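As written, the chain order gives the labels A, B, C and D, with residue 1 at the start of each chain.
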């Protein structure tokens, strides 16, 4: 398959000459809009790994809703269940009432995900977005410990509402708060010093030292791989050491698995491979399996000290999402096939990236499972490569503090053919910009 | 129609002997769960003003998703469009890419809602919940003014994430933050002193006085009717005076129309009748018309100083919600019929409540349009009345600082027969508890 | 006595043609300097109610070190004791070691001030300034209650360090913090609405209302008369009602008596006449009696939960100040003569001000005991009057949010002749500016 | 000279059987009192290096008012000038009026200290304590940069008022605030990792990284030697590198020279030897030379953006302190004799400590000039040694996060005989506790 073979219904003449962004969006939507700037066309339908614009041009989606579409767009099994549920007037909006859809989701979640992994988490349904889940996690950690301070990590991303933003690293996004963001202290993420410095040297030392000036933290919040931060991968031993440190010092460990959970790195929970059991886990993005808004906050039973209604939200009972979420678990997590596939495909991407780096230089690569980053020594080349890729029929996005990383988050379910095609397009783009 | 005529498929023998809440929910879902405690059954389907539990028992829904279902459950016109969109693989998850669904929504929003009202707002799609919209509004107001302080009002409710929570009044919910909530100063809402004190006496005075100790505010955030706060209704002249005050002093006015917008009080925007044009407006709940998560933050074009991506969110492009939202506007807001109907029904409820209060005493009533509160002099009787109503086949909830108000938020689209039935059930319940 | 009779050693030819401010001060001292701008001469010696510049010109001091010289400059009895102590190598700097000077001060303080008034306060020696005492008070109140919020009052002044500044009203001074000042909410001081509104209507209401959005306060901090705020006088019944309110609601009452204590309004503690016993009292300014830096924080024994050294300060054992402080108490507070005299002189000032206001209009007056304010309807005239007074040999300063008040703080010990002279000078100045 | 030769007027029978602490202090002074616990006697007079209790017992003072008495107690030259000034009714309390005493102090400060060192600082007189000076410094740095964040260092001590406390490390003292202390982030002080980690590795890295999550700082505040923190000595090259880093990144450098200034480490300003010129310098403690409360905040002229009165304080014009301060500069800083002497004596202490450590083990030593620390491997032995020293007629105090360091701050002016005596007493004490 080559670019010419792109399964386009109604091919536009040349790459990049799509329909553009409608004037109503240019004029009426706020300047805050982002992705429509890098991908300047109008999308209309999507299926599996492909998304189509109004000119009929198809794009191979290696961004997958920023990790919200781990099973691709509009997966037929989930779609059928969703249509069935909606057509039978299943409850759409359920606040936090008991519903059949919620009951069945919880049963499946318990049976297929928690029990086999030896995890005993209470499940909270916060507002149906990742940032709402992080807010719930931070509130609970503070309430449970009676402390205010949170430790976050360099280049962390946890969301845009005030609590989540305060533990996020990006300075542009932080500035948007309009108030000084306080109560969080960043610590160096794994490999922040390129291996020169011992893990947790600084963190342990300031905790040990009653004169360090660090407020005693309620919790540490960490991503196992930092997606927005530039595909920074924490080693499993680093994560274990962090969990040990937290346990020894009575600090709660929050794993923000919003982007890396639901199988993105291989196992359902990204922290499984490290052999740790965080106190609190945030889940969102691909949990519904269908791109529907949904989020969970998981925590150990002894932390379930919420008062009824103390943290609520109108859309926390998005029942159609419960339906697709249940189906997604049943479909993909009954066995470990997808985990193995993700590992295999991840290695494939890594090999291709290694070879490419050797071939043309100016590149590094980082990643785990199906989150893989192609790091450009000259940061601006990453965006340039994405632009070329878009023009050649592929969606890919940059991340990292200087947008220097092309971050690949393809559907876990894409075919090898699609994977190869995407890697071909990206490799060509990299060759062009580095030529 | 009487209670005996409830359109139940499979009537349970006695009121209140429904199926109860499933053990998986009791054991696995966090203690934070709320509504399933007052309505201890398991719901399965819903249509129009009715919601059905697994025993086949039907309940007249006078809460309507806390105002998220202004057009009732699963409205057939919207449902058809939604099913059509999904079945044709329309984009489900669209980040903030340009899509046909977004384009059409924006066009309809502009043509049918903004233009006829002489409003020129830029539209931001924050994360798809009310609290995310409030967070965006606060951030923008602070960024635009370079000030940090916000003025909120007594008994305000704006959401559960940290920024929104800091402008929320409820002390139990505030305590959940686990950190001191700062940067907000409450002012008395309309009628807070029962008419004894002149409007804005305190607020104007501290603004005038350079020695007052009040940090100069970036913005005022206000609800035109406080739903969670106990159905407190601000007079139009009070809202006008507030808008004037803000304009004179270069303070931004944010109207949080998450619950009162989308026609709840009559006009689409609840502030229309006051003749004011807020600087920023938050919209969520019923905007999708179908109970799907969606939110908007609207602001005057000169405030659109966001940097691309400065406030983002994974689910801000919930395209199925755009589809139903467009249909909802076309179906209900092509003319002013629903606005007139809402006024008419609101008056009907008010008359019934007045008569009831006269009949049995111990009651007051407050409300505007289709948000109406029955206020019990003895706070605990409100919950007792709701419990009886539930047992008699009706969902109603309390609000107010002491949960002393039965707050009615029925679908705007309910029939007169349904309205009368609900008022009968509630009146009987009130009579029982006040006997 | 007229201006011509001023007891000048070496009269300068004309009023206002003094030696000016030395260039070293103009060039080397920071722009933050203040009083030397309004009184542009170089002072060298002082005695009683008079201060002399290097030209020999004498000025009647109606500001008295902003209330730090209630017994005038260099009182001979205190001076003798101080010289004796220093010449005998009494300890000058004593940290918080036990010293004879401290012991004797505490004994006298207990015997002559606390016991006769039925007060049982523990005595803390914070850093020797008013703001340090306020900081200690706020810290202790927060520690004792476990709450963060403080209620302050409009136009309050409590000091310039961060904690004290956050409860101070003046917007220019607050802006100097460079960070948002939080944790304090202003309430209307007595008569803030000119008598229209009932006392504490707003404060009580928000405390009663669990949905008000006011964080539950640790303490209320109040001045009985606001000096910096414009000589605003709280009625005794208002203070009593405030104390009652605090007691009923378990909120600590802090009276900041830094400027109004030590007899300024009549009794040693300004709150005595109101019949209240605050939980915490701050004392500084005139406590040493000689203008030496010294401060106390007093609190009920049950609040003495400090850990040793938890709040310290290098100069908290200013032993020469202990010596003069003891002598001042023995000299002036063995009986109630000075209290009666202060009341008498205060009434005299009030009468003169009333008469003046009647005579020339454009004026009001406010005050209690020997803090008296002449309020100009046109704010800028107050400074103009002070300038004329200075040129005619008298020091007086303005206060109030618009500097609209000439605030008189003469030594309590000035003679009637001096008092009349000062009032003559000021009256003439007022006549000139209002002509 | 041996202990038996202690120049006691009226020897108490045995060491440690002094008069104790008076009951009025035990009962009336707050539990916050500290030094009188470790030195349980009642002091009455002092001269040079000696302080005497009411039993006539003399103690060699190796604490010197925590560094406030660099020229010993009641130095005769300063005393004479002070007595002369007071007896002639020189102005005692001068607010910030221009006075002869201030003028002469500033002239001397400029001529003898600033000019010879090529320093051009504006001089602010904040409230007369170190913490007030730090508060002024932080406010000015924030105002000048428009940023809120401050970088402090592990084990820093800057004062007890809220702003200064927020940049202080000690966890017990921080807890006393009763509110979360924010806006400051600690960085590792020199040698925090025992030389393993490169200087400023962490600090530079997070400044470089726009995704680090560190709010961009207004200023860095640093002590050249941390006295309270345990006599931690920053190398000159570290200080230079810090100053370079600040200059390169447009961050203000504040040197808190409250304890280390006025010659404690050798040169008048402790930073001179590092060859740096901080943007802001805080000075207090020994500036008056006589233990009188006084403080300065020094800053580069371009930072002098204060509005008149924006940061004030009642006792900022402590004129008797200006008199002794001027005399102290003239007496001790006309040449570099005292600087050389301090270096010589410091080396002597160091040699003795090295020898002692070799002799008995369990000890290390750290210091610079006349601030020297004897570090006990077993922390509790440091206090035990101080207790023995006290009983043998010497005042010494501990510092460090675990109070593991005996910190010596003897008068710079002590004789070699006194120095040897003190070192003998302390060495004996160390031998006893380590035996």
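Operating definition for what follows: a residue touches a chain if its C-beta (ideal position, glycine included) is under 8 Å from a C-beta of that chain, and two chains touch if they have at least 3 such contacts.
This one's a predicted model, so the numbers in the text were calculated from it and none came from an experiment.
Peer 1: State which chains count as neighbours of chain B and simultaneously of chain C.
Peer 2: A, D
Peer 1: Taking all residue numbers at the chain A/chain D interface, are over half used by both copies (same) or under half (different)?
Peer 2: Same; most numbers are used by both chain A and chain D.
Peer 1: Could you grab the centroid distance between chain A and chain B? Build each centroid from C-alpha atoms only and quote it in angstrom.
Peer 2: Roughly 31 Å separates the two chain centres.
Peer 1: Where the CA atoms of chain A average out and where those of chain D average out, how many Å apart are those spots?
Peer 2: Centres of chain A and chain D (C-alpha means) sit 51 Å apart.
Peer 1: With centres defined as the mean C-alpha position, give me the chain A-chain C separation in Å.
Peer 2: A distance of 60 Å separates the two centres.
Peer 1: If a residue has to touch 2 or more other chains to count, which residues of chain B qualify?
Peer 2: Answer for chain B, listing residues that touch two or more other chains: 148, 172, 179-180, 183.
Peer 1: For chain B, which residues are in contact with chain A within the complex?
Peer 2: 21-22, 24-25, 28-37, 39-47, 51, 54, 63, 65-69, 73-74, 79, 82-83, 86-100, 102-103, 106-107, 109-110, 122-132, 135-136, 138-143, 146, 148, 159-164, 166, 172-173, 175-179, 183, 218, 258, 284-285, 290-293, 297, 299, 304-315, 318, 320
Peer 1: Going by the contact rule at the top, pick out the chain D residues touching chain B in the complex.
Peer 2: On the chain D side, the touching residues are 179-180.
Peer 1: What residues of chain A sit close enough to touch chain D in their complex?
Peer 2: 148-149, 152-156, 167-172, 174, 180-186, 188, 192-193, 196-198, 201-202, 205-206, 209-216, 229-230, 400-402
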